[in-house]
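Two complexes, one shared chain (chain A), two partners (chain B, chain C).
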Partner chain A sequence: MGTTLLQEAWAVEVGSREPWAEDSKLYQPIEETQAQCNEKAQSLAVQSYLRMCGLDHVVEQRPNAEFISPTGSVPVLQCGSFVLADLDSIVGFVASKGICLTSNLSAAENADHAAYFSLVQTVFDNAELYFSWVVPNGYEVTWKRYGSVYPWPLSDILPWSKRRAVKRAIKDWADKQERDVLEEIDSCLFALSERLAEREWFFGSKPTELDALVFGHLYVLAGESDGTPGSKVSSLIRKYDNLMNICSRVKNTYFKGSLT
Partner chain B sequence: MELSIWRGEWGLGSVSIECLEALVYSKIVQAVQKIHVRKYVFSSDMSPWLWVSSSGKSVVGASSIISYLKSENLDADCNLTQKERADILAYKNMIKYKIAPALKYAMWCDERNYCEVIRPTFAKIYTFPSNYSMPGRLQRAALLEAWGRFGECATPNEMETKLNRKARECMTALSERLGKSSYFFGSKPTSFDAYVFAYLSLIVKTPLPNASLNGHLNTFSNLVEFESRIHNRFVASEVRRRAAGRTRPEWVGVVLSLSFAASVMFSYAIVKGILHIDFKTE
Partner chain C sequence: MDGDQFFPGVQPARVDKVHFENVGRTKNDVLAKAVQTLMDCTTFTEILLKCAEARRQLDQLGAFKRIDVEIQTSKSPGATEHGYEVIFDVEEKKTISGGVNGLVANNEGTMVMGAQLPNVGGRGEFIQAQVQYGTKHSSGFNITASKPFLGKRNSRFTVAAYEEAADYPWNAFRERIRGVLAEYSFRSLPSIDHSLRWEGVWRELNPLGITVPFPVREQMGHSLKSALKHIMTIDTTDNPVLPTEGFSLRVCSEVAGHNLGGDIRFVKNELEHQMNFSLFNDLVLQLTANAGHMTPNEQHNISDKFFLGGPLGLRGFKLRGVGPQCEGASLGGTTYWSTGCHLYSPLPFRRGHGYIGEYLRLHGFVTAGSLSEGVDSAKLQDPSVSAGLGVVLSLGHQVRIELNYAVPLRHQRSDRTNSGLQFGMGMAFL
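Up next is the complex of A and B:
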C-alpha cells in the first residue's frame, strides 16, 4: 500500500515517454462466476474508455485479480512495465501519453465534468457495494460468488472478512435504509438525465470519461435480473429514456456485438 | 423562529460545519429572529436546531432545516433551473466526498493539529465533565473512518497526500465554476453558497500548525475572496455581537475569588472554634 503513490507518480513520469504497449492487458475477476456488480461496472467503464481512446488491449479473467491490483480494486491495467488500477489513475496515465478526451472542453465545462464524474463514481460505486455486501439477500449471493474460487475454510472466512472491510469503508452508506439508498440513486439519475437532456454525449460532441463511466454502471445495473436487490435499481434506470439511449449508443459504437 | 448553534472560535460563526451552513442560509433568507449559542454542550452531535415558536416544533440538522425553510416559502433557490439544480447535486456530492474527508483528517487525525489546536479548543467548548472524554471520542471516530477508507496499514503521510490531492481537484473545479462572479449560481446567494462557504470557512480560519489544506486553498484567490465576501455579509455581525456580549468586566473575577477566599477562611475559623457565634434569643 505504501508504494502505490510512488508507483503512480513513476508511471505518469516515465510512462509518458513510451508509446502505448500493443499487448496491454486488463485483468478482471471471472465475470460469470466470481465478479461482483461494482467490479463488473468498473471493468466495463475502463474497457469502454480504452475503446473510446482507440487503445488496444486484451481482457484477461483471473480469479486473483483483486490481489494483482496495487490498490485492491479492479480492473488492473498492465501496460508494458506499468501496473495501474482504478479508472482515475488509468485516465491520468493515458493523459500523460497525450491522449485526452476532455482536452477540447472549456475550463467551466471541465469543472462540471469533474463534478459529475465524482457524483457517478461515488453514488453508483457505494450503491453497488451496498446491494452486494450490506443487504442480507444480496450478501447471500455475494458470499457464494466471492468464495467460489477458494477451497473450503477460506471460502467462508474471506467473504466474511471482506464484508466487514466493505462495511467499514462505506460506513455512512452502510447505516442507511434501503429506501434512502434508492432515493439517492434516483436523485443522481435525475441529475444525470437533466444534464444530458437530448444531446448525444454529456459534454461536447465527442464521448468523454464520464460517458464511459455512466455506461459501465448503468449497463451493469440495468441488466440485473429480477428478484435480486439490484432489480429495484434497474427499474429506476429504465424510467430515464435518454440514459438508456446513451447506453445503447456506447454499446453499438464501441462494442459492436461483443457484449451480450 | 430561533436557531441554536455551536459556538464559534477563531473568528468563525460556529465550529460545526452544519451549524455554519444553517446559520448562513437562515441569514440569506432572513428567516431567523434570534440565534442562540449553545452554552452547555455534552454530546458529539454537532447539528443545529431550529425552534419554530409558532407551531412549537423543532427541526434538527442543516439539511432538514433548509428543506423546512424552503417549505415555508423561504427559498433562496427558487430561481434556479433544473439543470442548475442537477449541477448543484453533483458539486455538493464532490465536496462531500473530496473536501470533507480531507478537512476531517487535517483537523482530527493529524497528530500535531489535534494536540495543539483542536483538542484544547473543543475541551473549552464542551461542558465539564464531557470536555475530558468527547474530543478523544471524536478523534477516534475520525481515525476509524480514515482507516476504513484506506486500510489500517496506510501511513499517515500517504493518507494525507491522497486526501489532499482529491481536495485540490475539487477546489480546482469549484474555482473554475465560480470564475469571476460573486456567487456560484446567478447573482444572488443560494443554498449551495452556504454549503460551500461552511467548508471553505473552516479551512481558511482554523489556525492549524500543519496547514497543507489551507495552503492548497490559498492558491485559488477567487475562493478565498468568496469566503470573506460571504463572511462579511452574513456572519461577521454575528461574530462581533457575540464577542461584545461575552467580555466580562475584570472586577467580577477579582470579587468572586476574594469572596471565595474570605468564605473559606471564615468557615475554617468557625469549624476550628477560633470564632464563636452565639445566637441567643432574648
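Up next is the complex of A and C:
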C-alpha cells in the first residue's frame, strides 16, 4: 500500500521533531468479547515494547479499532497527531525519537535479530489467522466474536467478507493442513528455544522488540483454553521451558500484576 | 354550435360510451377506474372537467407516451338524446426503454445509464435499473420497482435497493452505502405531497488520504441505520431553478434506531422554506430560510450530521466550510440555521428576452447561517455572513449553475472562507 509507506515516512520525518506525547493512546478491539488471537497478541507485543522503552500510554478499547488503523491491523498508536499501526512501524517511530533497544548490538547480531523478528512475525501471524479464520471450528468462534459488535445483518455479512479477505491475505497458508501449520510453529519454537538457550533475553543483556513480540504471541497462545484449535499450539509451547520462562520474566518485570 | 340559445356548458348531457383506441398491454380495470366518474356527468361542462381529470389520472400511470381525448355526439344505434361519446386515443410506451443521461449535483457531473420496463404489469407499474459514474470517484447503482394507485391522492408505492460510493474530501473520508427502502407517497390536500419511507442503510466509512484528523478517523468503520422518514412538501413556485412567484416548503422528520434496529440512533427534523416576490421591471426578490436539528449525544456519526457552506449554500465559504472543523476537515454539527436573500434581474440588454434570457439572471445576495454541535446558543446567535454578486444559469430548468463573486462579511475563526470567485452547480440551493 503506497499511502501507508508514505504515511510511515512522513511520521518518522516529522515525528522526530516532537517528543513522545504523554497522552499517547493505544487502540485495540474489545479484549473480552471481540478481539481475535492475533490482535490480542500484537496488542500485547506493542504494550510490552512500549513498557520496555518506558513510554507512557493508555490502552483504549474500540469496536472499530481495525478501521481507525491506517493499515487495517491493530493495535493503533496515537501519539500527538500521528497515527501508526504494526509493531515494526512503531519501533521505527520510537527510534526516530532517539529510543532504540537494539543500539548495543553488533552488526551481525542486528542482522540475526531482524531475521528472528521477521520469522516470528510471519509464522505466528499467519498461524493465528489460520486457526481463527480458516479452521472450521476456529471460525465458528471467530464468526461470533467478530460479528458481536454489529447489528444483524452486518453481524453475518462482515465476518464472512473478512474471512475471504484474510484467506486472500495469507495466500498459501489458507490451503495448508492443520498438521503442517503445527509443524511450522514447532520448528519456529525450536529455533527460538535454541537461540535463547540459557540466556535471560534473546539478544544482549536487555530486552529488545523481539522479546516483546515473542512474549505477545506466546503468552496469548499458551493461554488458549482447552477445546479450541489454539489449545494444540498451547501444548506445543509448554514443551519449551526456556520460552515459558521468558514469558513469565516479561510478565513479572513489565506487567506487575496487571495481566491475569 | 349554431344559434344564440346554445350554451353547451349547461346543456343536459350524458356520456353514452367511453372508448379507448390503441390500447395494448394496459389492463381494462385500471382504464375503467380512470374514467369511472365520466358516466355520472349531467352537463357538458362536467364532461369536460371529468375528461381532464381522467386524462390526468391516465398520465399519472406513466404508461402512455401520448393521450388525446375526443368528445363526439353519440351516433351509435343505442344513442340517447343528449348522449356523447368520449374517445381516448393513446399511444403506449415501448415495453423497454433505456438511455444514457448526464446529471449534475453537488458540483459533480454524473453519467447515468439506465433501463426501464414501463407499465410492466399493465397497471402502470415500472421496474428500473440504473448505473452511474461521477467525475469525482463516485459510483452507484439502483433497482427500483414502483406501482401507482389511481385516485385523487396520487399515491404510489415504491421499493428500491441501491449502492453508492463517493469521496468526501471536505470531510476526509470515503463513504460507501448500500441500502433498501420502501416508500409510500401520496397527496393530502391539493399541492401538499407526503412521502413516508423506511430505509435500512449499511454505511461504510474509510479514511481518505494520509492525513485524516483523528476526530474523523475514529468514526471510520461500518454502521447500520434503520430509519423512518416523513417528508412533506408544498411547492407553488412557477419554476424550480429561477422562480418568479410562489413559495415552497419542505419539512423532513427522521427517526433512526430506537425500536427499528441498527446501531444508529437519533431524531432529526429539518425545514426548508423559500418565498418569491415579483417586483417591478422583472425584478424578483427571493427569501430562503432553512433550519435543522438532531438529537445530540445519541448514537450517530459524521455521515448523519448537518453541514453548512458552499457555492450554492452559504456562499463565500468553502464547501462544508462553516461550523466545527479539525485540520481542514469539517466535522459537522447537530443544529443549524441558514437564510438567504436574493434580488434577481434579467440581463441588462433585453435582446435575449424570451430565449436565452429565460435561462440567465443576474443576482445580488446576502446569505447567513450558523452550525453548532448541540444547541450552542452563543454560536447560533453569532452567524457567518456573506454577500456577493453573480450570474445564475438554469440548465433545462433542472440544474442551477452559478458564478459568483462573494465576500464573507463575518465568520468564525474555524470557518474556511472562500473570498472571490466561486463556481457552483447542483439542484438544491439557498
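Side notes on the structure shown:
Note that the second predicted complex is superposed on the first by the 258 of 260 C-alpha atoms of A that agree within 3 Å, B and C clash if a C-alpha of one lies under 4 Å from a C-alpha of the other, contacts with A are read in each partner's own complex, and residues count from 1 in each chain.
In this text, a contact is a pair of C-beta atoms (placed from the backbone, for glycine too) under 8 Å apart; a residue touches a chain by one contact, two chains touch by 3 or more.
All of these numbers come straight from a predicted model, not from anything done at the bench.
The superposition on chain A brings chain B alongside chain C with room for both. Of the two partners chain B and chain C, more chain A residues are in touch with B.
In the superposition on chain A, contact of A:187 is made with chain B only, not with chain C.
By the document's definition of touching, of the two partners only chain C reaches A:83; chain B does not.
Once the two complexes are overlaid on the shared chain, A:58 sits clear of chain B and of chain C alike.
After overlaying the two complexes on the shared chain, residue contacts for A:68 are found with chain C alone; chain B is out of touch. Contacts of A:195 after superposition: chain B is touched, whereas chain C is not reached. Of the two partner chains placed by the overlay, only chain B lies in contact with A:116; chain C stays clear of it.
In the superposition on chain A, contact is made by A:168 with chain B only, not with chain C.
The minimum CA-CA separation between chain B and chain C in the overlaid arrangement is 12 Å, rounded to the whole angstrom.
In the superposition on chain A, the residues of chain A contacted by chain B and by chain C do not overlap at all.
Remark: chain B residues 82-83, 85-87, 89-91, 93-94, 97-98, 144-145, 147-151, 153-155, 158, 161-162, 169-170, 172-177, 179 touch chain A in the complex. Of all residues in chain A, only 1-2, 4-5, 72, 107-108, 110-112, 114-116, 118-119, 122-123, 165, 168-169, 171, 187-188, 190-192, 194-195, 197 touch chain B in the complex they form. Note for the complex: chain A touches chain C at residues 3, 6-7, 10, 62-64, 66-68, 70, 78, 81, 83, 150-154, 157-158.
Chain C contributes residues 202, 205-207, 209-211, 214, 217-222, 224, 261-263, 327 to its touches with chain A in the complex.
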